[in-house]
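Okay, structure first, notes after.
Letters A, B, C and D name the chains as they come in the text, with residue numbers starting at 1 for each one.
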């Protein structure tokens, strides 16, 4: 039986942690908002820790799932922090969508105490976390990733060891950076077409049967933009953070990457304009406003260039 | 029986024209390099025209399939040109991947003589043309597109009437502009990851199971980049032209479109560097050179940032 | 005595035309808004033409000074147009801030009738036009520029023959494109500094004593931005047009020019946001809004990062 | 008499340190390459320190002038480091062209020991350092900047207190970022003009009499580019670093800054291509290569678009 602690019972963390309840694992949970941890523990019959240090005490693997690497780093410090309680030989498994540079710093601090580190961000959203079908991108030493595997397989379907510490975070960030680029670029193209008299739904039908298609054009635009639904599933503020990390990965590698860097600028602008609560697809609203046209299904209100 | 002329027996035009041989159509062909037209005619048992005017005489529909709108426009002029021979009431059906502005000029010149115009660029490549499964994007008046439909259905599977004259060209250009953006952006992301120690094949495996995927990441990179094959199927010079048209569509519509405009710049740079014969996916080689790393399958030669 | 016509008595054109009244020139004026021409003629004792054709009849040199090349081109056409009346051997001297491509088309149309063309946009603003100290950038054949020289020297201090037809327009556009880039880039830098706790007036003092200085930092920011004055001297809409022409010059020359192209995008965005009447320096307001800080002299309201 | 140590006798540091020899100061010098310190000391009659700690012992003010903040930070650590020897109440005066984030970290580490910190990068080059006419941009508390003033006035003509710790570095970086933008943007514009048939020397003559002028167009292009001289006075690698810091300042302030970010990308690309030794103005060679034309004085070799 693997002794586990799970820190961070947010929208994704909660369904992930549910897969760690059962015979194979001895689970302790901690959350900054204590009530959420208490509720989870009451439902699932596991123990609640009073502090991060309390969570980490006598655990084989401590899992973190927090908004950014900054929160993970902050969790290490102080008398109540993880660093004070993690036993030599134990493993910190960080499922945060974090950044590689901070992760390498965290790993170095842990290594001084003989504690190991694997970054293991996930993709697949809340539904993937609930179904246990997440994709997990791991960064770390072979033996540490192997050790984490039973935990990762509890909530993940596809476990990929991407490279050294930080590689998981880098890969997640680049994936999300491409998502951010495709959303914005597709919005640019569709608004230009709409102003030239091409209906967005027809344009998407063609693009999705052709070479310009992407996950964004196949799923996000038909379901969320053409309908005007814009459900709130993943915050623009978080995607802004991710594309910023992707751009930083490229800069740190000294890779000229003008499209990624410009994408990061545009999402910073959109985040400033949309605020903290908007969904990531609402960035399309910013492009629509700049273009002066909305991308909804059906006839265009004012075809600007009739033949 | 519809009387047709087909001008432009290139890599795509030739298999398209083959679908127009048979009982339903009376076909005449013309090509700038006369030998190609003669060979086609001998094989298919159709007539060869000596000039564009000869091709257009007494035809219901004249189809053009040329490199750019400039060549279409040039075909109109002079004693041997199309304009001298197209009968009032006939239709010019332009399957070139052309540009909307020139097409509107061509349509205006034709309209003075009572000749109609539909732009109808195709996607699906040589294999789609051979199989008769092309997607066709049409711009023009409803009645003109309907009139062209029997011809288009001979080689196309999906016929979309996108909007007024130029709309087909605009839509094709934007689709290809997104293709160009996705190729370049994915190359930026994968080279940054490779320099951070993440193998391109693993990165693509994850991205293709996640939200950053596109036609480029799903097909072009695994088949052509990881393998180093870079087959020559569609010239970078032509994709440069297309993304340039897409950027122009956005500028003409006064749509702020920084990603499309920057993509156009990068492809102009790549085209200058790669020359006229390179395949479009070889633009990835430019990104690889700038980054100092190649995106091939298997272990990375020099992981730069081991943990 | 040189027989002149002056078409376009706008903010710049009017003081330019005043220098063409006197013994050396026989001047006729025309303006779209007829009252303005009548008022000028009454004041200056010159003749008013009823149409462009009337203005051009029996003139040695016809000068145009209009918003864009489109208006110049439109002035050629029709029974009342310039083309109908310009005598073979006469010269069209276009002082519009126009675009090279349209100018080459105009020159070609004129050449068919034996009429010559020189593009000769000016810089120096209303005050330079009044003082007769404009800089004039000429494009055309040597002999045509020489023939225009007495006219140009009447209102210009520095007459530069830049190259063939269109070269004057290209040079003016690039100069203004650099102006647009420097305004926007300096605003980006100063807003970033302001948010890091550096007062804009101190920052400008240092930059203007150092290597990052430009005409924008030395004149426009201290006089118009720090003061909050933003006087309306040159419309943002016109500078948007000019940077668009500069970007087009670079594209036509197949010169990779990402900074110019991005500058054009940003000004298109600013023009959309600011409307038609705003001054060009008001683009700084757009950058300020995006950054969330104003660039005014004196202590910063909220230093965000105190040490 | 102020007890000083000067660490870093490079191209700029050496002439700066010479102004600190004399009655008002008691100077000790240290340099990584010991011979350079020995030579300086022999010439100037001052003491050489064996280690940074030896230099810092019993000093009122320790001055650092190193390539980047990374070297300054590294100088703090270890038994021989500055941190071990700096007395409480002493001041570290950092004249490096460093970055604000690292400087804030350094200041925080020093503050734990009661040591103060002022960042004070300079502009004016080797000639300004020799003449004692540098501009100095300071970041820090009022009382610390005041305390540093006698030292700064020994080599500086203009001392500007820009703001809190890091403000000096931020301001220097933004100035240099604008320099980098103006060099690249002017090169884009001039190459586009050259390909359109406009001689670079004539273009610069006009621009320098007009609104697009900058320090780059007024000094660098006429003296170094038109002549083909490209003297090595300031390395492209260092300007790449500076524009990278400026871009980081903007990102940290959450200021959308697409022009600065793109400028940073272009200089990263140029640095990769030019290597470590090239002068900063040689970035123009990269633009020339991409454009296919050289910007030298005199007639153009191949006017591409004669009228």
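Just so we're on the same page, contacts are C-beta pairs under 8 Å (C-beta built on N, C-alpha and C of every residue); 3 or more make two chains touch, one makes a residue touch a chain.
Source: prediction; values computed, not measured.
Asks: Does the chain A and chain D pair touch with the same residues on each side or with different residues, judged by whether over half of the numbers are shared?
Replies: Same, since over half the interface numbering is common to both chains.
Asks: Of the chain pairs A-C and C-D, which one is connected by the greater count of C-beta contacts?
Replies: Pair with more contacting C-beta pairs, A-C versus C-D: C-D.
Asks: Relative to chain B, which chain has the most distant C-alpha mean position?
Replies: D
Asks: Centroid from C-alpha atoms only, then distance chain A to chain D, rounded to Å. What do you get?
Replies: Taking the mean C-alpha position of each chain, the two centres sit 38 Å apart.
Asks: Chain A to chain C: how many Å between their CA centres?
Replies: So the centre of chain A lies 49 Å away from the centre of chain C.
Asks: Between chain C and chain D, what's the gap in Å when you average each chain's C-alpha atoms?
Replies: Distance between chain centres: 37 Å.
Asks: Do you know which chain C residues sit against two or more other chains?
Replies: Counting only residues that touch two or more other chains, chain C contributes 254, 256-258, 262, 266, 269, 272, 290, 292.
Asks: Of all residues in chain B, which touch chain A in the complex?
Replies: Answer in residue numbers: 100, 104, 107, 123-124, 135, 137, 139-141, 158, 160-167, 170-171, 174-179, 181-182, 184-186, 188-193, 195-199, 202-203, 205-207, 209-217, 246, 249-250, 252-260, 262-263, 266, 290-293, 303-307.
Asks: Would you pull the chain D residues touching chain B in the complex into a rising list?
Replies: 258, 262, 269, 272, 290, 292
Asks: Help me check something: in the complex, which residues belonging to chain A touch chain D?
Replies: Residues 244, 251, 254, 256-258, 261-262, 264-266, 268-269, 272 of chain A touch chain D in their complex.
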